[in-house]
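Shared chain: chain A. Partners: chain B in the first complex, chain C in the second.
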Partner chain A sequence: MLPPDAGIGYLFVLPLVVLVLLLIAYPLGSAVYLSLTEKYVGYPPRFVGLKNYVELTGDPVFRKVIWNSAVFTVGSVTVKLMIGLLMALSLHQALFARRLVRGLLLLPWVVPTVITALAWHWMFDALRGFINVSLETLGLIGEPIAWLGQPSTAMMAVVVVNIWRGFPFFGVSLLAGLQAIPADLYEAAAVDGASATQRFRHVTLPGLRPVIFVTTLISTIFTLNDFNIVYVMTRGGPGIATHILATYTYEVGFQALRWGRAVAVSMYLMPLVVVMIVVLARRLTRED
Partner chain B sequence: MGARVLAWVSLSVLLVAVGVPFYWMVTTSLKTSTQIQSLTPYYYPRPVTFGNYVELLRGTGFPRWIRNSTAVALGASLVTVLVSCLAGYSLARIRYPGRRLLATTVLVVYLVPPTLLFIPLYTILNGLGLANTLWALLVAYPTFTVPFCTWLLIGFFRSIPPDLEDAAMVDGASRVQAFHRVVLPLAAPGVLAAGLFAFTLAWNEFLYALVFIHDGDLKTIPVGLNDLMFGDIFLWGQLMAASVLTTVPVVVLYTYLQRYMVEGLTAGAVKG
Partner chain C sequence: MTGRRLGLGALAVLLLLVAGAATPAEAQKPRLRVWLLRTYVPDANKALEASIAEWGRQKNVETSIEYFTFDDIETKYVAAIETDSLPDVGQLQTISPSRYHGMGRLMDVSDVVADVERTNGPLLDSALAATRFGGRFYAVPFNYITDVLFVRTDVFKKAGVPYPKTWEEVREAARRIKAKGVMDYPLGQSWNRSADGYGVFQALLYSYGGGWADARGHYKSIMNDTWRAVVRWASEIYTKDKTVPPDAMAWTGFGNNEAYLGGKIAMTFNGPSIYYVLEKENRPLLGDTLMLVKPAGPAGRNHDVFLLSWGVFNGTKHAELARDLVRFVMSPDEARKYMYQSWGQMVPAFEKLRRDPYWQKNPSYKAVLEAPSHAHTPGYPGPLTPAAAEVVATNVLTDLCARVIVEGWDVERALQEADKRINDIYATVPSR
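Let's turn to the complex of A and B:
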């Protein structure tokens, strides 16, 4: 026997279910299948089993792409977490104009990513970009640095931009986490004679741990799959120095027109992403 | 006291780091190309010129890209509000078997990266004859706007006390009437916020628009700008003017949305 109104409940949720099945579940399923085929644009797919994955595993270019993705993701997420923590702790301290400052610091997160990447492309411009121009004015460099033209600095540049865009997400989440730590815990610790450092270590950090965990996971999923910043700033170059999973997927799919292989590139870290999503979903839907 | 000073020092550093790219974007958009190219740096435009804005609006596809972006973002947010409102209410309030599974699905789906979806979605849209039309984006954008907005609205509907609609139903209103007449008016600010979020998400989207649309006349702003950037010469003045014009509406919307964004982003995280 169904509860009353169950019919209306199902009816209301039906459009969502149709959307999820048709536009997300079905494409994901067909992605799994496509990755097991050799599919060139305009030709029907030909089943080849795990061939794409096996070939990718041995491919030095793809290995470099995986390595780049790891550097990009770990580098960005770590620094975003640290700066976000600094932002949250500072905002938690500073009572004056807190909302205004928080709003201003959120701006990078609000701007369309393509615009962010464009603006920073221009900031890093070798000849007239702000960074070289001001470094020259300050006398710190003798001649311009081609930030986006050298492998090491290009990777650093795209990581910097990802950090710039993403740290406010950490800052705002962690601030909310800080505000949710009961004040009596601090008072009790102070009564017991705990120093500021001890209070931070034994009250603040444990209180923040769940928020840090969740925010870091969400950010890792999205950073690992970032496309816009790298594509607009370097197209994966110079050479393949900044190619990460998403940009390489796009290149294999739409430059080389090998769709089966391209989907295999994007699916390669699927198991990792699935694990992260499952952990997150369990965390976030736990009944309070 | 010391902690507070330290807090303001780090906030000032962060504000400068956030502000410089915006400063450079706005000032570049107001410089002549001579000032932009000059070997003696112009840290601010002198004199100020609006030539980049004029050329952008007269000499490029920018006005068309604005129209396309607006149409797609409006359409996508309307669809999103409709689907998310119904689903959000149903998942927040009505009891039936499978409800928790569905709520979890919404979250899971929100976390599925577009990188995994864009090629299979493209083959599907191609099969439907929608590739290279704005309809393709109208179909594709709800895949990320609907999960996000539904998640937001589940929380929002839960925060409205159930007593009111219960009272209405005791007085003989049906569930649909209670939803329509009692809950929706109360939820209006949250619904508006969800709609505006959907609008900005669609307005900012790049990958699907890049892949699904080839026709120059149908491009959205991010794709149009990406093309403009990789033309023969870098038109930084015009590109930065376009960046300013594209960013302003989003920033205006977010001054309203900030409250909801903080709640929406963090509600889940803090709960865990």
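Let's turn to the complex of A and C:
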């Protein structure tokens, strides 16, 4: 038996339901459907079931793209977390010109990604770039290093740029987390004779765990979907050495004109992302 | 108070009358949406804008111009096709007429081409190949943006090396310049994911007599000695000669321009944009720069092509106006105005315009003019098809080189992968 005011309750929820259906469910449903079709730009879609996914799974180029995406994401997020933690711990201490330093450390996050990527592209240039010229001037290298011209260093370069751009997000989030840890916990630990390392391990880290979890998850999702840095710096090259899911989706969709397959590329890791989002949502709800 | 109300009321009535009088006339004025390529020559862009505006004034048509860049030509059209928001008329790149005609999006403009040929002379073969399908034209050729070989005359002189006329001589020249210690990395050639990569690869391939389609446009295996020789040329300049800057494989479309303008290389294949910068800014390097027609191979001088053309899209409510606009901008006077503002960048496809004395200014301009007469569309020796277009657009050709240069694959394995990709494309691309 519904309570007497249930109707009005549903009425209030209705706009939200409509919005969710229109803005999330419909586009997502369309994308899933498209990924199950042979849809070529300018032609009507033809339902082919899981054919796109099966073909992608057997495609060595796509498998390389998945591997690249994993390296790019895991490499970037791990280092961003570490640098962000260092940034937060430093800023949390009484520091000369703390506000200025905080502002400066946020700069990478504020600068448009395309500008960041172009600037780093120039710095990594083999013949005229800041890095090689500096290393040569210091006598550390005899001939130029092709940072963007070799698979391993090219991947490292795009990861570095992603880290540079993304670590302030971790820093700011973790700083907020640090400030929420009650000071008396540290005082109690100090009274008990805990060293700085022990205080960090048994007070700071447990206090930061929820923030670390949430920021890492959000950053993983964003990094997995990153497009600009790789597109501007290498276009996925040399060859396909830095091709990641976003750039490959673009190539298949807008250059090969195979939209069904392109959507399948972007949907391929959707189950993983959904799991991450569900976990994140649960964690956030629990924190609330 | 009443007087004020009356005053406001009268003002409102007056505004309504003015609006009422103005609206029907404005509504009657047709509006034409035009999409243009923003080339790297602002003077030429402005000349074309002025030409379109002049036509709009003469015909009492409101024209709305939107630009795309080299990088987002396909992206913009693809999005418009899927959302049914194509313009009335727009500029197309080489592979677009074949693709969009296949989708049934382009109107037959054979009558417009016939009119333009009457005043501007016949078309070059490569322009026909890119715009005519089944004997009918689906785009009106506008201009070529040709690829040429840039050479640093001072470097060649210092090394005592003659200018190359064949692909083998290009390689040999680079080796000798390096060996004499004049320049470490004389050859700026990237097999990257841009036209500087897949365009030059086509020129090399076609000049050696290779192709991935037969004369009828059907898939043809690439597992043969011609392809092996071509891939060896493309990869050994990196792996054996080491005459190419070490990070050239990661250059984006502007990488070789920067390297040449920065004095780091002595040779590169590029559109004439480098010369435009040198000439417009009167840089010292201009005197040491020469543009040459791209080299020949065992099968002759057969090159790639970048052709801009005009397409009128099905679905336009103003088909006749769109055709009329194209006729106007292609009329001899307007076409010449544009050409003279192009700094030698925009090469006409029609014979009478090609005979204009403008192109006799110096040997570099002459080379730019000559280049399209050796050009062929993707899929040569067959016709330009959506499948041939996709082979180029998806970087199959340059990925093939990258597999060998960057990932250390042997030529045979790289060719097998490319062959499979090409075969898959031809087997699955839709066509009407």
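Structure notes:
As a convention for this text, the second predicted complex is superposed on the first by the 258 of 288 C-alpha atoms of A that agree within 3 Å, B and C clash if a C-alpha of one lies under 4 Å from a C-alpha of the other, contacts with A are read in each partner's own complex, and residues count from 1 in each chain.
Assume contacts are C-beta pairs under 8 Å (C-beta built on N, C-alpha and C of every residue); 3 or more make two chains touch, one makes a residue touch a chain.
Here the structure is a predicted model, which means the values were calculated and not measured.
On the superposed chain A, the two partners chain B and chain C do not both fit; they clash. Of the two partner chains placed by superposition, only chain B is touched by A:A281; chain C is not. Of the two partner chains placed by superposition, A:V48 touches none, neither chain B nor chain C. Looking at the shared chain after the overlay, A:P144 reaches chain C, while chain B stays out of its contact range.
In the overlay built on the shared chain, the residue A:R128 is in contact with chain B and with chain C. With both structures placed on the common chain, the touch criterion links A:Y40 to chain C but leaves chain B unconnected. Touched residues of chain A, counted separately for chain B and chain C, are more numerous for B. In the superposition on chain A, contact is made by A:L257 with chain C only, not with chain B. In the superposition on chain A, A:L185 contacts neither chain B nor chain C. In the superposed model, A:M156 lies in contact with neither chain B nor chain C. Of the two partner chains placed by superposition, A:V71 touches none, neither chain B nor chain C. The contact surfaces that chain B and chain C form on chain A in the two complexes overlap at residues 121, 125, 128, 232, 253-254, 259. Against chain B, the residues of chain A that register as touching in their complex are 2-3, 5-6, 8-10, 12-13, 15-17, 19-20, 23-24, 26-28, 30-31, 34, 83, 86-87, 89-94, 101-108, 110-116, 118-123, 125, 128, 130, 133-134, 136-137, 164, 169, 172-173, 176-177, 180, 196, 210-211, 213-215, 218, 221-222, 224-225, 227-228, 231-232, 245-246, 249-250, 253-254, 259, 262-263, 266-267, 270, 273, 276-278, 280-281, 283-286, 288.
The touching residues of chain C, when paired with chain A in their complex, are 74-75, 78, 81-82, 99-100, 102-105, 185, 192-194, 245-250, 252, 258-259, 262, 264, 390, 393-395, 399, 402-403, 405-407, 417, 425, 428-430. The touching residues of chain B, counted against chain A in their complex, run 3-4, 6-8, 10-11, 14-15, 17-22, 24-25, 28, 36-38, 41, 82-84, 86-87, 89-91, 94-97, 99-100, 102-109, 111-121, 123-124, 139-140, 142-143, 146-147, 150, 175-176, 200, 203-204, 206-207, 211, 221-222, 225-226, 229, 234, 236, 239-240, 243, 246-247, 250-251, 254-255, 258, 261-262, 265-266, 268-272.
Across the complex, chain A meets chain C through its residues 38, 40-43, 60-61, 121, 124-128, 143-151, 154, 232-241, 251-257, 259.
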